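Next, two complexes with chain A in common: one pairs it with chain B, the other with chain C.
Then we have the complex of A and B:
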């Protein structure tokens, strides 16, 4: 019971805040043309589902996020393993990947628009570019921090290189690679939604852009809330996946 | 982090070779004619565009506006983050009640809040400041809260045995002991605030670096756009790396990963 108390209090505070907001708007303290009534926001949800095809938009955004994240996983793990395999290459290129990870690539979205046109491909490429560096860095870290004693065990059992890789190196590096994948999917989702909003194309991000341009305030607020909830569920799912994977190891 | 070692051990040569290889590949791609020459311009055109940006007076005017927005954003979002972070770090109950929300809201894309900020603060610089402030609030609050919890209990006992007042505890014990997480929060906050301000400028604005990028895009002035992107991405990356170095030196701790 006492363990559940603080989170329950947190939820209660948020609900209380929304009720206060409702009262403040009805009393005219907060301008209804800036913040619509929370009840109106809730009421606009069925309309969003029916008229704005929220379900299909979910599909588009998730599809783009998954494509970018998985592409980053495949390319990033391959690059990371290659860099780990040739130490000279690693020393030459790893700092540049660290720089890439620190660089706000999404700012270059007009450039990607020119390169790939105003299409889903542009969104996927930007998300992929932002998600790649963490996978590369985490893959290198995963293989570089394997305990030497594990490799010694492999040697003493006279494993072939393929066996060593399949039975020792890969399983030992996997948790760290999954951290990379988790980061990649988070970065991909942020960039996909952000770019959809900025270029007014595609799934959930476009919904917000369109509704705000139509000055549909309850709809805009509701759709922003929806996107936040979807992102939170997505992060929770990834957290759960990582914990599940770590428990199995 | 291995990267840090590589940066300090004087491995300039391999990194230099790497950048030469990357540039050579770019030049080959530009000259091959596989992509439109305007879209992937050869290096000399990029240098011309970059220098063109640096010598144009309106670049500095717009840079000043973006920096002013960024400073206001960091001041507002940073102060709010500091206060909230201190409260969350000090109270175990508050931390359990509210910190998960911060953790989950933190990585959601902030730019989608921009329409609301336009309604509240107008289409001018204020809405960009608000965008940056909202962006940097989360990483700063989270780092500060973690920093408060990481303060060595011995230091707190020393403070209490000297009967330090709350403000003395804050200024003489907590803040000096939290330099590393504070710098780390500043680093993360600066990065996301810059992104927030610039993206907001590209969406709706008449001034600032983001506006200049959009303007170059609409005129299809590719060398100028590349020049602007190199400058803005470069600023972000350099500040990030400098603050990371400072944080590591201040704390001799591993950098927090996000």
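Then we have the complex of A and C:
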């Protein structure tokens, strides 16, 4: 019960803010043509479900982000471990990943369009490319900052290489890797929605683009709200995943 | 007499090149016999941890041999258990799972290894903390978890590198008492590295005094205080005499160490 209290308080605060917004608009402090009434946003949902297939779009955006995230997880952890294993490679490539993490990759979307066509694949590839760097960097950091004495413990207990990896190295590096994954999913979602918006294809991003062109403000805002819900879902997923892995070690 | 459990013969360790490197341990030789409690004492930086790593098979000597139960070691020996100077709990495991860790590696099932680990948790006085994680414990409690974990593997030779160095004096005396109690209960053959003279005299049968740079064996002091001992031994006149004897040896080395570190 007490564990649920803080999140409940958080939700309550958001609801209170929305109520305040509602009052501000009704009182004429905020222009209704800039921010629509929260009640209107809520009221637009059934219309979005019926006419705009919002549930399918939600699934498309979620699926694209998940695919990009999973790819970044597999490739990023493998790359990070390889770079950590070969220090020369690490010195050669780590700066490039730091650069990649900072680069606004989405600006290069025309290039990806030419390479992969106007399809979900393009969206996933761009999102993957921008999600990769944080996973690589945090994986390197996770393995590089393991306290040497823990490795000594493994050796003194005469562990095999496989045991050492599974029981010492991996659990010690896991918290950092999860930090990387959290960043990766944020980057992936931003890029998925952004590219959907730009190339007018796919899920919630396209819907936001269409509705805003039609000046359907409540619908636009409701769709943005749905993007936030996708991101919350990923956070819950990662939290659950991390807790599950913790329990197994 | 039986062969010594640990036999160290002309062990030397150098870091860096022959001419300008650091000679951390120089030509040390000594034995530890079954059931003995031996302490190594020396000023900070004299090569104690280097020797400890070599005895544990984690660091190869530059020259010389180390034998455990008659086998010359080339890596960690199964009969040896190590407690490190730095606290070394696995932070993602609870206290009981930390202590049961070596048993888990042996492939012992969960309920049995928890039963066995429980005994060692109680031995170090951590009853009631089984489900806690290391982050929820004090430094002294964490070091006790590490001691329990090492004991749970039933080592025939226990090596400890200043396990209480990071703790305050009072806690250290209490833990010293605990070690005394454990040693008398388990008849555990132990080599303790320390820089506390009182701790060494309170616990040991023999004390090896090391010199500062290069780390050599300066003297071996036999402690003839009767066993079983407890913390009260500290008040006996013989205790005071032994402490004074070691202090006069160490003062020289410690001041050399201080002078050396002031220059560098």
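Here is the rule we go by: the second predicted complex is superposed on the first by the 178 of 249 C-alpha atoms of A that agree within 3 Å, B and C clash if a C-alpha of one lies under 4 Å from a C-alpha of the other, contacts with A are read in each partner's own complex, and residues count from 1 in each chain.
We take it that a contact is a pair of C-beta atoms (placed from the backbone, for glycine too) under 8 Å apart; a residue touches a chain by one contact, two chains touch by 3 or more.
No experiment lies behind these values; they were computed from the predicted model shown.
Peer 1: Mind working out whether A:68 is in touch with chain B, chain C, both or neither, as first, second, both or neither?
Peer 2: After superposition on chain A, A:68 lies in contact with neither partner.
Peer 1: Quick one: classify A:226 as touching chain B (first), chain C (second), both or neither.
Peer 2: Touch status of A:226: no partner.
Peer 1: In the superposed arrangement, does A:127 touch chain B (first), chain C (second), both or neither?
Peer 2: neither
Peer 1: Between chain B (first) and chain C (second), which, if any, makes contact with A:147: first, second, both or neither?
Peer 2: Touch partner of A:147: chain C, not chain B.
Peer 1: Should A:188 be classified as contacting the first partner (chain B), the second (chain C), both, or neither?
Peer 2: A:188 sits against neither chain B nor chain C.
Peer 1: Overlap the chain B and chain C contact sets on chain A and report the shared residues.
Peer 2: Correct list for chain A: none, the interfaces share no residue.
Peer 1: Chain C touches which residues of chain A in the complex?
Peer 2: 147, 149-150, 152-153, 155-159, 163, 167-168, 171-172, 174, 246, 249
Peer 1: Taking the complex as given, what residues does chain B use to touch chain A?
Peer 2: Contact set of chain B toward chain A: 2-3, 6-7, 11, 14-15, 17-19, 22, 35, 39-40, 93-98, 100-101, 104-105, 107-109, 111-116, 118-120, 191, 194-195, 198-199, 202-203, 210, 213-214, 216-217, 220, 222, 225-226, 229, 232-233, 236-237, 240-241, 258.
Peer 1: Considering only the defined contacts, which chain C positions touch chain A in the complex?
Peer 2: Interface residues on the chain C side: 53, 56-58, 75-76, 78, 80-82, 84, 86-88, 90, 92-93, 101-102, 105, 153.
Peer 1: Residues of chain A touching chain B in their complex?
Peer 2: Chain A reaches chain B through residues 6-7, 9-10, 13-14, 33-34, 88, 91-96, 98-99, 102-111, 113-115, 137, 140-141, 144, 183, 186, 189-191, 193-194, 197-198, 205, 208-209, 212, 217, 220-221, 224, 227-228, 231-232, 235-236.
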